[in-house]
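Look at the two complexes coming up: subunit A is in both, with subunit B in one and subunit C in the other.
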Partner chain A sequence: MRLVWTIAGAELRLMLRSRLALVGVVTLLLLSAIAAVTSAVQMAETAQARAQAQIETDEQFKAQPNRHPHRMVHYGTYALRPVGPLAAFDPGVDSFTGTVVFLEGHRQNSATFGAARESSDLLRFGQLTPAFVLQTLAPLLLIFLGFAGVARERERGSLRALAAHGASARSILGGKAMALGVVALLALAPALVALGWAAVRQPHEGGIALVIALAYAGYLAAWVLGIVAVSGIARTSQGALIALIAAWALIVVLVPRAAAGIAGVADPLPSRVDTELAIAADLRRIGDSHNANDPHFAAFKTKLLKQYGVTRTEDLPFNYRGALAQEGERITSQLFKDYAARADVIRQRQSGWLGWAGVLSPALSVRDASMVGAATDLTTHTAFMNAAEAYRFDLVQRLNGLQATAVSGTDDAARSKDPLADQRTRISADFWKTMPEFEFNAPSASARMTAMVPSLLLLGLWIALAFGVLGWAARRLERHGA
Partner chain B sequence: MQVTDFTLAVENLVVDRGNRRIVDGLSLSLAPGEIYALLGGNGAGKSTTLFAILGFLPFSSGTLTVCGHDPRTKPDAVRASVAYLPENVALYDHLTARENVEYFLKVADCPRSRADIEQAFESVSLAATAWDQRAGRFSKGMRQKTAIALALLRQTPLLLLDEPTSGLDPAASADFHGLLEALSARGVSILMVTHDLLGAADTADRIGLIAGGRIADEWRAQESGPRFDLNILHDGFAGVK
Partner chain C sequence: MNNVIREMWMLGRNRASLAALVLLAVFAAAGVAIGLANVARDSAMIERMLAGQPAEEQAVAGFVEDAGYGAYYGFQPVWDPPSDLAFAALGNRDIAPAILRVRSLSLEAQLYENESANPELSLAGRFDLVFITIYIAPLVLIALLHDVWSGEREAGRLFMLSSLPGARRRLWAVRIAVRIAGVLAALLIPFAVGAILAGTALPRMLAFGGLIMLACLFWSVVILLVARRGASSVVNAATLASIWFALTLVVPAAANLAINASVPVPDGAELARENREFVHGAWDRPREQTMDAFLALYPQHAAGSALPPTFHYKWYFAFQHLGDLHVAEQSQAYRDGIAGRAAYARAAGWLLPPAGIAQAMTALAGTDVTAQLEFQQRIRAYHTRLREYYYDYLFSERPFDVSILANVPRFDPADDGDAGAD
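Right after this comes the complex of A and B.
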């Protein structure tokens, strides 16, 4: 171990004295620090803006004057996805999936206002977040700093000189890896501070922040070990650089893109337009609540009349139109749920493809672990959409319930012709104040930690593989006399 | 003399690289304080012999010991007993002469004081102004001197030199040979692989001519008169080349 430290110290001294290496380290540190600070500031502003917008939209709903409940169904409200405490570290799919859903009767709207849609095209190339820096840029800079670590010594003959002075191949590679590991740790430091800060502000997120930090440490460790191993195996530093850049392009760019493409082709997700057309077709098939002769709603009416022992809807103890609206909403909502569930199944299968692609790319594994841990993954977004839909259904049914119980059926039937009847169907604004507010709680830290396990296991495999390759490189170096 | 009395004992050494036999039954031995010059043409197996002694290359058969240690079974003990000077001395350009020496001494787990290092620099005539200069600016001679200073500081019983005077000017070459004699007087055995016939004749106690991977001829320095017959050496060398 003494030798490992000695060689690591010399390598770090070389980095400090080499202008190019120093520029690389400083650039990496600056990028990491800038990403941590800007992302934290941006996310804090976004979190505040969304929380404020949610309060305002709730207040606007509650401030509506006396109205017919069905007008309120169409007035609708908004559900805004709250920003999790770790989203500043890794915004995940947040920029692409949208964060605001307009909730209204009869319709299930998509989330809108994704940052990628709102901002210039530059954002689509990747935001400068700590996660992006660590996943994409840090390995590249580690390659530039470490590709020549061993190969350069071989080219200059100092590898043999070290061996002649008693340094084993294992200690030489270990020392180089340790020096590069120190650089990786430096790159990780601002991100760790960002995660630590989030953990201090939300202590219940401390455990998961630590797991995320360990996942990134493991990811960078795998890169460090791989870079040193390739540098130890390659005949020249140029060969090492070419091999490592190719590996970076494959692992960080090509495999994730190709995996997403393959997943999309293997399990295509119907477009929003196709889904809406299909839902409309199903609705026509199931029934039209506005058509008195529709078989489903005719049967519904017959059942209600029989249940209450009356022959006319006017004799029901409640406003039939409200009950009809409730039944219509129940059917459409069930359809939305069914289609959402089918889409979920496809998305899960696509995620499965991407999960398996983690075998080919540790970048995918760490990205997945990071997004799951930060609660910015697709599963959390789906949970938000499901929560928004559940809230929408509950709100609309409460309003339909008010129409059934607080609005007279006779007035409701005459309101389009009789202004007084119309006036009477407008119920007190106090009712809107009794409506619950939208709340979304991301999956708990323990649930997210459990969901991270497969990605963490894959990362563990990559680290083991990198150790294996490094060990092989050391044996090869020993065999070939450095 | 017993085999264990020799600093270096090589008997019927065979080294193969791939399908090629580079060293084929080489035998030589060095007593403490002896300087042995190994002459031979390119590809004769000189450097391969050095690498086998250092344990960098495995050997197929024969015996080889350094201070009684076999490099196959005790490479660390062998490397602790040997200081090796390659043809192109590998110093770190970003480190000063002092830092280079300190680093390699640290790697060899051979701590020496600042005063010891400066004394070693003085003994190899490395100008004091160069001690704290980065090696990137050094001439070949300065690099050689730094490496010799390192070898002195390590105080190993065996010094292996690979073409030590190639690229040195005559004055530097003469200084270098003087240093070798001083080391020899301290009991350090020196095995020197070289093309420098005159330098070898000036310094070596024995000269071996390697051809076809084995010692083809060997001469011992005479105690009186010219140390070696240069004509015989030249003819022998020209014959194997």
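Right after this comes the complex of A and C.
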């Protein structure tokens, strides 16, 4: 073991003397620091702006004057997706989804205004965030610093000298891995500080931040082991470098894109318009509120009249139009829910493809673990959309309920012809103040932790594989000597 | 000719080089295939929308009793068809919707809808020919060319080879040309097949092919300049990988950060809210105020502008349009912000040739940010035609007839649109 430390120490001293290595490390640390600071500033601004916008929206709703409740159904409100607790570390899909949903009656709108559509299209690869630095750039730095570790000794013939001093292949590779591991820890440092800072400010996120940090540590450990193994196997350092850069390009650049490209065409989503048209067709089949003789609404009316023992809707103890609006909204919302659930399943299957592609690319696994942990993944966005829809339905039904109970049926029927009746259908502005506000909480830390398990297992598999390859490289080195 | 055959044979005998070229060709073919599949999906999506439209219109015609009602329920499709090069450069088509249905209501509340895409698929970027050309092909070129001279020197053959008569022309030039040609073939053959399948116009096909060649030429020059300096193969490889890494990953990401920070884009959510406040506020404002403002824009409708004491769609559509005008400045600023960022990105493209070539590719394919903004302008122009068509009926008080609904102006994707009609 002492020999391992000695070899690691010698390798580190060599790196310290190498200008290239120093420049590489300093560049990465600088990028990492820039990423951490800008991302923290940007996400803090975004979080503040969205929270402020939500407050203003709620205030505007409550400040509306006396109105017919149905006007409020159309006035609607907005739900803004809050910024995830660890989004500064890994913004995930935040900029690729809309962030604001307009909530109104009869319609289900999409989330609009996302940063990606407002960005310059300068080689869309990744935003400079701490997560991007660790996933993409750090492995490359490790390759540059580690590819020659063993191969260089072999080329110079110094492997023999080491062996002559009693160094086993295991201790040589172990020492090299140890030295590279120190570099990896250094590369992790700024991002870990960013993560730690977020955890300090939100203590309940501390546990999950630790798991994310461990996931990245494991990811970089797999790279360290793999790099040393390749350096130990390759005949020349040139061969080691080329093989490692090819592996990096495949794992970090190619597989994630290819998997996403294939998932998108192999299991396509219906477009929004597809869904709109399908819902419109279903509505015409189930119950068309525009059609006076529609069987569903005729049955609905008969049932209500029977229930209250009256013969005319005018004799109902409430405003029939409000009840009708509630029934209409119930039907459309059920369809919105059904179609959204179907699209959610497709999206989950698509993301499932990416999960499986983690077998080919640990970069995908660590990205997934990181996004899930930071609550900036698809699941969190879907949860937000579903929460917004549930809130929309509740709000609209409350307003329709007000139309049924607080607006006189006679006035409501006459309002399009009689301006005075129209005036009377405007109910008190105080009602708007009683409406609940939209609130969305990201999935709990324990739920996210559970969702991280598959990706963490895949990462574990990769670490085991890397150990295996390193062991194989050691036996090979032992057998063939230097 | 013998020289070429010799170099091809040597390239073919080197298992690693051959594998790199074959893999590049496979990736390029996969990129083209995925691109074609994406374009086919987009086209099918547009077809389905247009095929579904008659049933929608028939249903609306079944219950509509006046032009205002018809305009309220009269959603019309607008779409941005994929160009004949979109398969090679998918660009922003995954984040900017290609189809939308609009009606005569305030457009600012309709224009920014998003497609129902899976954001996790957009996260990594597109897998298309641009990606293969800009990111992957340079790495293969580096692998094939970084040790043209240093490799021979390390094998102890450099002096011998260089002293052959005409070595420069007959050996090095041919060797380099054969390797570059291998990379070009791996990219251009799949592209040509894709272009034939997509029915790409020949001049556009040649232009795009030229951009692919330009990208390879740029990298070849960079690689040969580094390789000539006389350092060892391993130093060359490390230097070139660092250059690639800086030019395609780090500097663009940093430039993007700088551009987004220096060109602010107004908050879209605020724009939407402002629009809603004005539109819904109209219900509580004196109706004359709305009509006066509207008639100032449309004096030709003054004669028929008298309102009954109760609700009328004339007034309703008047305030819808005024709601768009109310945020016109913000909307313009929003657009200008995005266009401004794109302009800076183009400027950065001159300093970062790979980024510049990628932008030229998406611009040629009509899949860049500019194309996205132009589509929005076409929608604006069409929306103007659509609502003005209904104004004529609303303000003339002509008796309603369902043919009014059937004769609405239709969107034409080829129509340039009078940009800035609003």
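Just so we're on the same page, the second predicted complex is superposed on the first by the 480 of 482 C-alpha atoms of A that agree within 3 Å, B and C clash if a C-alpha of one lies under 4 Å from a C-alpha of the other, contacts with A are read in each partner's own complex, and residues count from 1 in each chain.
Here is the rule we use: a contact is a pair of C-beta atoms (placed from the backbone, for glycine too) under 8 Å apart; a residue touches a chain by one contact, two chains touch by 3 or more.
All of these numbers come straight from a predicted model, not from anything done at the bench.
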Could you tell me whether subunit B and subunit C fit or clash when both sit on subunit A in the superposition?
-> fit
With the two complexes superposed on chain A, say which partner A:356 touches: subunit B (first), subunit C (second), both, or neither.
-> neither
Considering only the touch criterion stated at the top, classify A:467 as touching first (subunit B), second (subunit C), both, or neither.
-> neither
Taking the superposition as given, does A:257 touch the first partner, subunit B, the second, subunit C, both, or neither?
-> second
Identify the partner contact of A:197: answer first if only subunit B is touched, second if only subunit C is, both if each is, neither if none is.
-> neither
Look at A:14 in the shared chain and tell me whether it touches subunit B only, subunit C only, both, or neither; answer first, second, both or neither.
-> first
Compare subunit B and subunit C by how many residues of subunit A each one touches, and report the one with more.
-> C
Determine, under the contact definition given at the top, whether A:163 touches first (subunit B), second (subunit C), both, or neither.
-> first
By how many Å are the closest C-alpha atoms of subunit B and subunit C apart after the superposition?
-> 16
Which residues, counting only subunit C, touch subunit A once they are in their complex?
-> 16, 20, 27, 30-31, 34, 37-38, 41, 45, 48-49, 52, 55-56, 59, 62-63, 77, 91-92, 94-97, 99-101, 109, 112-128, 131, 134-136, 139, 143, 147, 232-234, 237-238, 241-242, 245, 248-250, 252-257, 259-261, 265, 267-270, 272-273, 276-277, 280, 283-284, 309-311, 337-338, 341-342, 344-345, 348-349, 354-355, 358-359, 362, 368-369, 372
Would you tell me which residues of subunit A are touching subunit C in their complex?
-> 20, 31, 34, 38, 49-50, 53, 56-57, 60, 65, 67, 71, 74-76, 78, 80, 92-93, 96-100, 102, 109-128, 132, 136-137, 140, 144, 148, 236-238, 241-242, 245-246, 249, 253-254, 256-258, 260-265, 268-277, 280-281, 284, 288, 290-291, 343, 346-347, 350-351, 354, 367, 371, 377-378, 381, 415-419, 422
Quick one: in the complex, what on subunit A touches subunit B?
-> 2-3, 6-7, 10, 13-14, 17-18, 156-158, 160-167, 481-482
Would you mind writing out the residues of subunit B in touch with subunit A in their complex?
-> 51, 54-57, 76, 79-80, 82-84, 86, 88, 90-92, 94-95, 103-104, 106-109
